[in-house]
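Going by the order they are written in, the chains are A, B and C; count residues from 1 in each one.
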Amino acid sequence: MSAAAAPARTSPVERGGIPVAGPRERAGDRLFRLTVTGFAGVILLAAFALAWQLTRGSLQTWKAFGFSFLTRTVWDPVSNDFGALPFLYGTVVSSLIALLIAVPLGVGSAVFLAELAPRRVSDAVSFAVELLAAVPSVILGLMGIFVLVPAVRACEPFLSKWLGFLPLFRGAPYGIGLLSAGLILALMILPYITSIAREVLLTVPRPLKEGMYALGATRWEMVRSVSLPYARSGIVGAAFLALGRALGETMAVTMVIGNTPQISASLFNPAYSMASVIANELAEAAGDKHLSALIAIGLVLFGVTIVVNGAARLLIYKTEGRK
Amino acid sequence: MKRNLLAVLAAATLAAPAFAQVATLTGAGATFPFPVYSKWFDEYHKVKPDLQINYQSIGSGGGIRQLTEKTVDFGASDGPMTDEQIQKAGGAVLHLPTVLGADVPAFNVEGVSELKLDGPTLAGIFLGTIAKWNDPALVKLNPGAKLPDAAITVVHRSDGSGTTYCFTDYLSKVSKEWATKVGKGTSVNWPVGLGGKGNEGVMGLVKQNPNSIGYVELIYAMQNGVPYAAVKNKAGKFLKASVEGVTAAAAGVKMPKDYRVSITDASGPKAYPISTFTWLLVYPKNPDAKGEQIKAFLRWMLKDGQRMAPALGYAPLPAVVKAKVAKTVETIQ
Amino acid sequence: MNDAAYARRKRVNALMLGLTAVCAALSAGVLFAILGYIAWKGASSLSLSFLTNLPKPVGESGGGIANSIVGSAKVVGLAGLMGIPVGVLAGVYLTEYGKGSRFAFLVRYAADVMNGVPSIVIGLFAYALVVMPLKRFSALSGSVALALIMIPIVLRNTEEFLRLVPGTIREAALALGIPRWKVVLFVILPTAGRGIMTGALLALSRVAGETAPLVFTAFGNRFWNQGWLNPIATLPLTLYNDAISPYEDWHRQAWAAALILMMFVLAINLTARLWLRPSAPAH
């Protein structure tokens, strides 16, 4: 950092775009800045250390299969033949379903809580929704088995009757499968989206809102043209935070996804997610090759998260640029 | 405000009473014997209050790995360690059998409360070659049962486990096709079926899906009242799993010196074919006084511990094996 | 003004707002259903002895989860002590000093990525970091794993809310000649305080229920927990082990433990709400 050159400057030193008072940075400020930078650096360090650990642990697999590991569909611990594609598919599809359900539901709830409900009701209901985030994954998983899966099993015949023209809704009604996994994930990420969206919607400046009313807009029109656009980057951020949670969710998904490494178009069929296979087989991973393959899946998940977040960054960057 | 909360928390935890330092042993491994092991360690703590033996079930593979890493004092596994694994652990690990268990084929078919199966048909079901309940092979074994014309929903374990190892070991012995196509292991590439997590998961799936079949440990089937099939043993008798049947399977097998033996498909008229030992894994040489502590516990286990097993659904060791194990225990340092 | 068009707009308005009410009702409804289910299944096994006893062997009644309760409090507490400051201060860095710098971009990115890593992998990481060097399972390693999970959540949240603090406040304070670090600590942070605390508490509640990362770190313990460098019992682990056991008695204990865990979490959230209310800025 260029702070060492500071004493020679005559113009104010800038940090983060805001000029620090005076031609030199005060000692207290400098200490503070270095401290917070250090803490931020810890996170970066941790991420790199994790990536390095994952790479080191999975080297055997990459040597054995190369990049084709990502496109192979077999998973055989006995003959040490592994491929990650079914798990990628399961993770991505179940997370997508979760987002498709949770974002509209969450944003809708947030609009209600921020705009419509009287303050007390809003606080109480948003408190209730936030509690949902605190329900441990393991409990949700157990409830998934006892409550959600039978319910889904009962609904699947109807879905295949009415929507069966889509390959998404065909097949035997096992109950467990991609649909149940997506639903339970939606349940888990809903609170994040709702609470963050609500907080962000609450910060929309009143003058902006009142301006719309002055123009004769209905409440919904105001929400649609002022509140939501203003809150958009916050909501997108919330969605990606939620997506991050969905991608890595282990216990609850493991109990309802069916744990079958296959790729099929139907949402009724059992599938397998990356986090689930790691959770299921890690403790018992027989040989080193098996362990290495599991760590490789962990690395792939890590990679997927990096890509997804890259896309998020771009999106937020674009919407922010427009503000 | 935030600072206050943090200060209170810090004070509370630091002020937590410092307990008199009791000696502790840590062990990790198989989930299957967890109930009986936890009973033993709790009872032994009453006998020896100054020793706490803390056992956690993280899986057989986990137990083996932690023992190798020396983060625990002893391990436990449903499947014996391979030579390669023993090499990694320093070349010598004692396998001490403790109790026996069995896998049962639990099923859920309406109108059918008793089912007879044999090795090849069981393999066929799990391979997917026998796909319907009224397949001729099944009808032949169960002439009186009203088997429906419905597809069989197979349920297996999704997590690696000794239960799977035992089951696939048996299938590999009775079906060449299984041995070549799938093989045996704690995790295998199942040709068909849904994967449930843990015995609970498999039980749940079998209970909820009509016309399904899955394999679970005997205790789970017993405790949950789920019907399970009788399996034909090597001597030709159809047996439902029981504590006696499992002990008989162990008695009928020639025990090697290191106790690493598979007792599936054992000979003997009373032997239940899908049985397995479970072992405690101990280093022959241990640091500090741990060797003595482990030895003392094992002696207690062979006498008093064994008596507690049947009540919990585990088969005790046959007398012949017990005597041999007692001798090996004395060699621990 | 076209009356018909206006009437239509009013109808759309009513419909859309009605839908949002349905969304909110559904979300809250689901939570109550879940809480109700846990209470229904767990309440019958709750008793004072359950809360104060140690686990008993199979077949004996009267086992309890006292060590798990204390253990969870210890592990989560330490995790918060480690994770919240890191998350908040890193968030301060990102909003106050890091705008536009590549380092800040990387930090933000790294945090988002860490957020998506399955908790079991984080547990493995903590295993390699703490358990292996120490050659023992410990409460400390469990806390490290949980802190690693908390940090990205707290960071993202802190950043979001610090960013919402109007620049005018910052500039006014600086104009008064207050040193930068005092501006951040005593003006900006308190203003965003409510949002930050909500996020920190969501994070605490979330890790209080984590099972997977604790399997290979905190390990679990059937006896009283000793200090910080020994295996320790935690509620979610005990819950999970009991739930997957074959015994009906232990199942009931699992649900009772689940109820306790939920109450634990409810307590954290309620405390936050009550404490922070007086300082909440008027909206």
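Assume contacts are C-beta pairs under 8 Å (C-beta built on N, C-alpha and C of every residue); 3 or more make two chains touch, one makes a residue touch a chain.
Because the structure is a prediction, the values reported are computed rather than measured.
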Need the most distant chain from chain C, centre defined as the mean of C-alpha atoms.
B
Applying the document's contact definition, name the chain pair with more C-beta pairs in contact, B-C or A-C.
A-C
Need the CA-centroid distance for the pair chain B / chain C, whole Å please.
36
Nearest whole angstrom, what separates the Cα centre of chain A from the Cα centre of chain C?
15
Which positions in chain C touch two or more other chains at once?
215, 243
Please list all residues of chain A that touch 2 or more other chains.
279, 282-283
At least two partner chains per residue is the criterion; list those residues in chain B.
58, 62
So, in the complex, the side of chain B touching chain A is made of residues 58-62, 82, 84, 151, 153, 158-161, 182-190, 193-197, 201, 204-205, 208-209
Applying the document's contact rule, which stretches of chain C touch chain B when the two form their complex?
55-59, 70, 73-74, 77-78, 80-81, 84, 131-132, 135-137, 193, 197, 200, 215-216, 219-224, 226-227, 230-231, 241, 243-248, 275-276, 279
Per the touch rule above, chain A residues touching chain B in the complex are 74-79, 81, 145-146, 149-150, 153, 172, 174-176, 254-255, 258-260, 270, 272, 276, 279-287, 290
Residue positions on chain C within touch of chain A in the complex are 9-10, 12-13, 16-17, 19-24, 26-28, 30-32, 34-35, 37-38, 85-86, 89-90, 92-94, 96-101, 103-122, 124-125, 128-129, 148, 151-153, 155-157, 160-161, 164, 170, 174, 177, 179-182, 184, 195, 198, 202, 205-206, 208-212, 215, 236, 239-240, 243, 258, 261-262, 265-266, 268-269, 273, 283
Under the stated contact criterion, what part of chain B meets chain C in this complex?
1-2, 5-6, 9-10, 12-13, 16, 18-19, 21-22, 24, 26, 28, 31, 34-36, 38-39, 41-43, 45, 52, 54-58, 62, 69-72, 198-200, 217, 219-220, 222-224, 311-313
